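Input: a single structure, listed below in structure tokens.
Per-chain residue numbering starts at 1, and chain names A, B, C and D are given in the order in which the chains are listed.
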């Protein structure tokens, strides 16, 4: 194993310990990845306990999501990861999580996007410098056909080069960053905003 | 003690540490078991702190719930465990927990079952491959007469061979799996869905 | 220091670590005690961080709440502890905590008592064997004059020999047990029931 | 590094570990400080993970917020810290946090202040001896122009010498104390009261 792969593997394993510990990757859900090279991605195999990942629970795939390792089958959702690495060369890490709040908010919200405004914490997203901006988060319908789902995500990405993450309804969140620490910071910011928004809705729902 | 019993005892002790830590087995509530042989089950004795179990807090019973160990009295709810091991030979572990969300949801819901639909996390249950399926969870009335309660559970199990768990009203959850890790995954999935469902009901209750 | 005092001091220190960790004794609130002899009680001094207690943060008082140690001033609420040890000789530990849920429930509830019914977890209280019983918890108005508050608590205790705990409005919970582990089990059971009750009220409040 | 600076740096690092662990400083938000001398303040640089601070993530500034260390840029919000140290010479530590509850409560509340009354925990604030007092907490509108924000805070501080903290709408809490432990106690008390108040509003909102 190269030193680069070893470091990235360790960053994915630690991300899993953190995200599982926070309750955002329960019951073997979620998948995580990091860019190995311009043409290869290191990704979690499906069905593993995300708080107990080991290096062998990761595999390398090419940018079409084809496994580069004998005997290891990439997660069904691999294409949603590689799609993002192809979209922007500066993306180095992609995290997909399944929190209660992301699940509920994506189901409660009847429109096809959420807007976050007037939160100081919006500044935690890459490229955002003031709470007076708006963060637009699309919600895609859930689909077990990942190619079809990816084909609905692509036009949004193309039209919104400043997109910082998206939701799949009843399913979870995709977000990313240059390094793993950036993707983790965005996860924390999203989960903070999801919890704020749900609490606000509970209080305002008269 | 045989190596098999020692391993199963350890898996029950660690399950207790996890489930107590999550707040799902408070105040000495809950009971857990694992299959020792086709005719014997290893089970927690009643009244112990579930985060602090030791090997001596477990006893072997036969499939009728009769203690196989002098001086140890099985939990009153033993029959609800052995009933499940008799129902399906592939079940290797049964977990019964008492979370706030399971308690509240089973009381708030006036009908005799819950249905979970359109949640990606339904796929965490054995045998479920898509969020487009429905997970049906029966709710039985609580009863201190465990034989009577078991006799109400049995017809449901017989009629629903794909059942993944059930609730007792105001009391808690029973779920199971081939190995302890499978039963724990199902607990996490249930608790996730319970929390989603309660939050959805709070938001939709206009 | 006697071995008995040393053991009781350790049980109070560990209770504080647990109760603070759960968020039930925030911001130096709460006080805890254990019976040293038929005439003496070991008690926390006031104003300490309850997750970081040391042996020197405890003092012995007599059954009238008078300090038996030079230079240590007992908590203002000492009389609420000694009152309980005088009430029942079998009480060995008393815990007073300040959780959000106890505070809110005691304020939201307009009557002078709460009733818990149909919860399996009621069986965690000493002397209760079925969910079909009722657990009656009085709520006393808060008062900075502890003698006056104690004089309102006493008639209730005299009239309800099976009382398992009480609330002070906007303030917190008093509960107890034969050993520290019994008092802790009752705290967990109360906090479970408080959370259930608040969640039920949020869902039913239409 | 002087021993005083080393001790204060350690107290800030440990405060960050605690506050991040509680979820009150997510996604690199928040800033913390401690008084070095009558003319200098030790402060976190901006943009760091608050649970993983190291001594190099701190810098000394003068009372006008000017960096005293080459190559380190103080946080944009430095003036809100130095303003407090100039206001009262007895203040030794200032904490600014971004919890979900502070964010939501400051947005939900339409007036320009909150009042806490009838909570025993009000006694955790410096100078408050009874739940019969009232704790008044102003809410300032959020502003990326920190000089302008500080100029709106100053008249309030001058008019309210007993002020124990303030909120910035959609942004977070500022509180302080003689030592770091006092500021932390006030953070815990505020977060307790915020959670109580939000829960009360959810229950009363009919």
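In this text, a residue touches a chain if its C-beta (ideal position, glycine included) is under 8 Å from a C-beta of that chain, and two chains touch if they have at least 3 such contacts.
Keep in mind that this is a model prediction, so the values were computed, not measured.
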Chain whose Cα centroid lies at the greatest distance from that of subunit B: D
Across the interface between the identical copies subunit B and subunit C, with over half of residue numbers shared counting as same and under half as different, the residues used are different
For subunit B paired with subunit D, centre-to-centre distance based on mean C-alpha positions, whole Å: 45
Just the number, please: Cα centre separation of subunit A and subunit D in whole Å. 32
Note: subunit C residues in touch with at least two other chains are 202, 205
When you check every pair of chains, which ones turn out to touch? A-B, A-D, B-C, C-D
For the complex, which residues does subunit B have touching subunit A? 118-121, 124, 129-132, 181, 185-186, 188-189, 191-192, 195-196, 199-200, 202-204, 206
Partner subunit A, residues of subunit D touching it in the complex: 26-29, 49, 98, 100-101, 103-104, 107-108, 142, 144, 168-172, 198, 201-202, 205
